[in-house]
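A short write-up of the structure that comes next.
Letters A, B, C and D mark the chains in the order given here, with residues in each chain numbered from 1 onward.
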Amino acid sequence: MGLHEECGVLGIYDFDGSHVAGMLQTGLYALQHRGQVSCGIVTNDDGRLHQVKDNGLVSEVFTEKNTATLTGNIGVGHVRYSRADDLPENAQPLVSRYCKGSLTLAHNGSILNVKELREELENGGAIFQSTNDTEVIMHLIAIARTRVRSVEQAMLTVMKRIEGAYSMVLMSPRKLLGVRDPQGFRPLAIGKKGNSYILASESCVFKSLHAEFVRDVRPGEVVLIDRDGKLQSFTDFCGKTPSLCAFEYFYFARPDSMVDGQSVYQTRIHAGRLLAQQHPAEADVVVGVPESGPHFALGYSYESGIPYVEALIRNRYAGRVFSEESESRKEATLNIKLSVIESAVRDKRVVVVDDSVVSGTTAAAIVKMIRAAGAREVHLRIACPPFLFPCYFGTEIPPKKDLLGVKYTPAQIGKRLGADSIGFLPVEKLAELGLTKDKNCTACFTGEYPVQMN
Amino acid sequence: MGLHEECGVLGIYDFDGSHVAGMLQTGLYALQHRGQVSCGIVTNDDGRLHQVKDNGLVSEVFTEKNTATLTGNIGVGHVRYSRADDLPENAQPLVSRYCKGSLTLAHNGSILNVKELREELENGGAIFQSTNDTEVIMHLIAIARTRVRSVEQAMLTVMKRIEGAYSMVLMSPRKLLGVRDPQGFRPLAIGKKGNSYILASESCVFKSLHAEFVRDVRPGEVVLIDRDGKLQSFTDFCGKTPSLCAFEYFYFARPDSMVDGQSVYQTRIHAGRLLAQQHPAEADVVVGVPESGPHFALGYSYESGIPYVEALIRNRYAGRVFSEESESRKEATLNIKLSVIESAVRDKRVVVVDDSVVSGTTAAAIVKMIRAAGAREVHLRIACPPFLFPCYFGTEIPPKKDLLGVKYTPAQIGKRLGADSIGFLPVEKLAELGLTKDKNCTACFTGEYPVQMN
Amino acid sequence: MGLHEECGVLGIYDFDGSHVAGMLQTGLYALQHRGQVSCGIVTNDDGRLHQVKDNGLVSEVFTEKNTATLTGNIGVGHVRYSRADDLPENAQPLVSRYCKGSLTLAHNGSILNVKELREELENGGAIFQSTNDTEVIMHLIAIARTRVRSVEQAMLTVMKRIEGAYSMVLMSPRKLLGVRDPQGFRPLAIGKKGNSYILASESCVFKSLHAEFVRDVRPGEVVLIDRDGKLQSFTDFCGKTPSLCAFEYFYFARPDSMVDGQSVYQTRIHAGRLLAQQHPAEADVVVGVPESGPHFALGYSYESGIPYVEALIRNRYAGRVFSEESESRKEATLNIKLSVIESAVRDKRVVVVDDSVVSGTTAAAIVKMIRAAGAREVHLRIACPPFLFPCYFGTEIPPKKDLLGVKYTPAQIGKRLGADSIGFLPVEKLAELGLTKDKNCTACFTGEYPVQMN
Amino acid sequence: MGLHEECGVLGIYDFDGSHVAGMLQTGLYALQHRGQVSCGIVTNDDGRLHQVKDNGLVSEVFTEKNTATLTGNIGVGHVRYSRADDLPENAQPLVSRYCKGSLTLAHNGSILNVKELREELENGGAIFQSTNDTEVIMHLIAIARTRVRSVEQAMLTVMKRIEGAYSMVLMSPRKLLGVRDPQGFRPLAIGKKGNSYILASESCVFKSLHAEFVRDVRPGEVVLIDRDGKLQSFTDFCGKTPSLCAFEYFYFARPDSMVDGQSVYQTRIHAGRLLAQQHPAEADVVVGVPESGPHFALGYSYESGIPYVEALIRNRYAGRVFSEESESRKEATLNIKLSVIESAVRDKRVVVVDDSVVSGTTAAAIVKMIRAAGAREVHLRIACPPFLFPCYFGTEIPPKKDLLGVKYTPAQIGKRLGADSIGFLPVEKLAELGLTKDKNCTACFTGEYPVQMN
């Protein structure tokens, strides 16, 4: 609870005679957990673009009426999480017209050298209408495209210049492209339904569309679907050591997704088991903090034999209201969002499992609520190691000064949060979850960044 | 999944110098599960009424701006579930002016003899601006009040005339009343925070307000809080055999509520245990269908020792969109609302536990989804007995012709739903859950109506 | 500029096979000048009512979508001007269900004995959901209807009880009624298009519908259109001395309307001529203050020979914004609403004609603007006599203490407003305009009320 | 009635310590007649930009709440008329970030060589997010700025490249610029209030702000207000023969504006007089078609001695609804928009004066309405010569095939429109109005284009 990734991307090229807007909308529902601030769909009806983009949830932005205007058999969709300094003009997908017609871009990630690239472009006379990385990439593609023969070659040219994390979907007048950075920081997968191709941040999209999962886009790969309905692969940038963000498994991804071949749900169950081994507790019941806590808690229960209870209930009607709450109101509003079932914890020793601890405000409030409901003891178990380092690849981790793990020992943290005991997943156990240096970025826990940081 | 109760009611009389609007809003969040179509708050600022009422969720209807206009230390709130034939003018709380000033009424229930009462009133020259029972009650109170000395005496006079289910909150210029029908079909409870009194459909409200649960309003009781801050009780209609709706425990009430002294959560766990005893299964995992299924499933798991998995995930961003869907779209949209975690059920024999089966459309679709995810066997377990009889007390049970339990044997139902086996809670086990004839209405299962039906 | 009437009413019974909603909408556009705060349409589709009512202009409230729901061949419409203490629940038409089905009522006017009637009803046990006169009338009709054989007889029974000004349209399940109070304070006219009947506050409606003007409803008359397509007339209350509000001609009515046989436009031209005779001016140009001023100014120009110039321009995009402005902002916002064409008044002696003066704020600001534009002299001419007395029949004249005419002589008023001279239409000249005691109410100017005031 | 100009521009640099948003909003009200589809304001608070831009009228787009966010002492505003193919992303002012910070641009006009410039930019790798000329100009300025020392030098560099009509306001981090094309096709004027400078499309803005008119921006001039509060002038492109659009006087400009030293109102009066001389009529009354017709009609009346009547009334509540009506609905909706005062025209010979005739649909409908109101004869007088040639400078004249003047003689046009006679202002009389070749573009009437057209 408390961290945010920035986006989910989606692209569909339909070869079975349908308009893609309906499928894009369904697919964005399945990606909504990756961003709730704005969303958009751009479709391509034989070269003519149609778009609907706005602040709000998928269920709010798309209406029967505006969706009907989104004709065409190629399309790109996006859901966005917005940071404090974000502007409406940063809504995606970004559409522009360049020398070869239209170009539409949906992006998830964070470009490390964006400042330098932007300055260089500005010094060449470029203008920018947003502050997001996507527009910088768009400029680079347009410039590259004046020198090479195709948009895919332009993309490959641009990949020489941009560093960092990016999973992208691009739509040109007649092509759909999927792009993943050489280290594969962010997920991107390929699905197929009939003859139609789907590119999506997570595989959960495919099931909601009754489509087949084909495979993940490889780190560094550019995949191209052209109007002949074939998928081509460009692997010029493949071969580097991959670095998929480990936190996708703990928090970002939906539990029913497979990310780079690994089940999110099973990883969470497994993490819960490891936690039970490493930090056993003399307790009567195990509780998980929604949304992802319950899966870790189940693993803890399986391993420890302590019964799992569903004693923390999220009020599903409260979510939106308090999304931009101030830190100071957090505890107050938590009483609307979460409830404790007293009869499940009264006079019990309770293990509470959460995915992570950032500032600790929420965790402390939950400990307090459970005690108020009559628990005799509260033992906090955190499914990932403490955050110790900033992320430069799109995960919004607070500055070091606000990270509990930097300032305090685990025991001190437990005390501050009011828990009788606390236990984090030991950093060395990440490998047992399959989250290893040769595959994953764990820099926020370890400080070992997969790229040379200046 | 599939049944709906009509309302949640709330009333607060603040004696600690505050405006009640904020507390009412928080309280309505906690009652939102009882009705999502419209909601409203009416406050009383020294005799002057202020109101905000509209279609939509609490989070949509109340804004910082309009809540600021709701000044006053007495107030009434309401959330409403709306039937197909319902009209905007039926939104509650209902406000009217009568011989003694203003009267505000929030009502949950269903008056059996409403048609006769309305005809009688119309024949006397009355006009009606809505079609709901509340306006009929309002008329009766106004007429009674011309003959008796107080609003509470008027209410008691009216109670001689109205039959059926009603839990109500009334606000007169200087009083707040709570009323529960003599059989107590619908819940109503009393809470206290500091010197202030709270009346609410469910006790979960009190926790969200950091208030104390005092007691349930007794069946037939009228409680009155006047401006001296004292609570008076009128028990003229108490003493009948109570008949609290048993289905409150299975479906309507929030699991963290205590209803008439009994924990909803524990009742659900217990029902799951009984189900496991009565209908054991050779299976590998137990799954619950959200929202209430998981608690029954946990009970089933505890009793049977079969591991509980959280393999059905509700998309919390999808809820509103499809609330008014046609029957025919239900299966299609279920794929957006619910996802199966394949890795948790693949090659497994799965027990699926749901609260009830009405038309079976949803259950059949879920069985299909779980099979599609690779389950080897699917065993349905239903936490309450089959519905066999209509409800006249506010629960919207479909007509007999649409009730599976009327037309088919359990085995036939299981087959139609595509399950390898099926098991319902035996009707004779209701007593073991504490749901007995001398306390509860179970007419929808048994046909034994607690009042003489004509 | 500054006074407001409260309403426009409209009713259509179509016998040519059409839905009336489109015609009602067009007709309300033509009545919009009589009320801009809220509007509504209720249609009757073979007994089933449909309604759209909301705050806002006709162009805002009615959409293609909601108008499509308004099926049926009988309908009633209303535009409302709202006073400060007015409530959303007072929106009209008012719909209720009573012993004989539905009843829909749209009302323009002011009932003098409403307080007594309401008390009497309340003492009999009636409840009220609004504060407007319409609901009181509705109650009385419903009660009367229990004793007489038809809604028209009920209406006639009620007319014995209610005193004051009312022009109304009523719709019962199969009938449309038009009602005008015995003194005919407010206008109401009958139109016909093909076989269909139209009842409307003003005749300008008929032209916008390409319908024929048939005649005015007579003071005291009840007209009834039943499903045989015939118009019946009930004249029980006809025969009193009529008292049509004289101010309809000066301000309320649209210039293209004929009200009780007299052209509004020609009355205004005539008033301008009389003003020129009574208060000539040595001047170079004549200017009118929009909206109605220009017609008086033309008359002044015709009579005096002084050229008419259109030197005051209303910004037609500014209207709504400042409709609820505070007195203090009036002058400031007037600069957005009105502009002076400098080249038309520079170095000129200017006659400025306005319909009336209430508080004088606007007039003073206009004099100032015209001087600022370079006028050498500004001579104010006011087309009606000074307001000296309150109105009890629906015109919102400010309290005596705010009426310039009560506190000051005309010369003093001219001075306060900054004019070089001022002239009001002499009260004794009203008769020359055809506004005579045996036909019109001029009480606001003369204090001679057409009914005995208590 | 029927032609549209595309925009109004506004810029304010306040040196008296105020935020400019309020003044910009008031100023845009005064420019609203130049564009009703979208509007926007961008302010500059010490380098930090704030913006509000949306579809809708000034009164709809700007609220107390969003205007409060528009802090800063420099700002730019825009109102836009949108053509059929126009897109939301074309809303202005356009904001971008370039090598020297932010740049904000509001533009009125039409660049002739925009296609070539855009292709050249695209071939250099530029991307475009809109289809309007403004973005092309923005690119050119950004590129130029990489080579010259200031934004004003960049603007002057760009002026060498762009051809056609443009009046613009630019805002850089610390400067406000006004730019007018070398031929001055579109107006732009300078005002001053206290120490603050105002740049606006029309002088009517200054009066609404109680500001002084200083002078018009000269054709080809760039004016610069920097943070020292001084106005500098760059005249590199001055000296060409000016070509202010003559149609500004007939239709676009507000009558209370002075455009390049000439009063719009007086020009219209004068045109009416000339029309009376050239095309006298045996008639009883003269009527003008709103909005601009009445002023021509007054001139006609002054010259001919035929009395002016205000017999055509515009319904001021109808304007917005039908703004995007289809040609086929025009006549039908005209009955809502316009009414004839029967008593002013019945049995009369009527001269009807309008500003211009494009397709003739509206004029024919008006003739019909006036006849239906009982006029004996209808004589059309058109205040400008027939349109015979397309406009390339921003006036949206229909294609030749839809221009009545191209296909028919005046007599034939009169017949088609149902008039008893017709008369256009003779093209050779434009000079008498002061609209001469050495000052004005009259190409739409004469075909003599002020620039070499390819």
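Quick note on the criterion: contacts are C-beta pairs under 8 Å (C-beta built on N, C-alpha and C of every residue); 3 or more make two chains touch, one makes a residue touch a chain.
Small disclaimer: the values here were computed from a predicted structure and weren't measured.
The most distant chain from chain B is D, comparing centres defined as mean Cα coordinates. Chain B and chain C have Cα centroids separated by 49 Å. With centres taken as mean Cα positions, chain B sits 37 Å from chain A.
Once the centre of each chain is set as its mean CA position, chain A and chain C turn out to be 61 Å apart. Counting partners per residue, chain C has no residue that reaches two or more other chains. By the document's touch criterion, interfaces exist between A-B, A-D, B-C, C-D.
By the touch criterion stated above, chain C contacts chain D in their complex at residues 26, 29-30, 32-33, 36, 57-59, 204, 207-208, 210, 254-256, 258, 263, 265-266, 291, 294-295, 298, 302, 307-311, 313, 315-321, 335-336, 339-344.
Across the complex, chain B is touched by residues 94-99, 103, 122-129, 131, 138-139, 142-146 of chain C.
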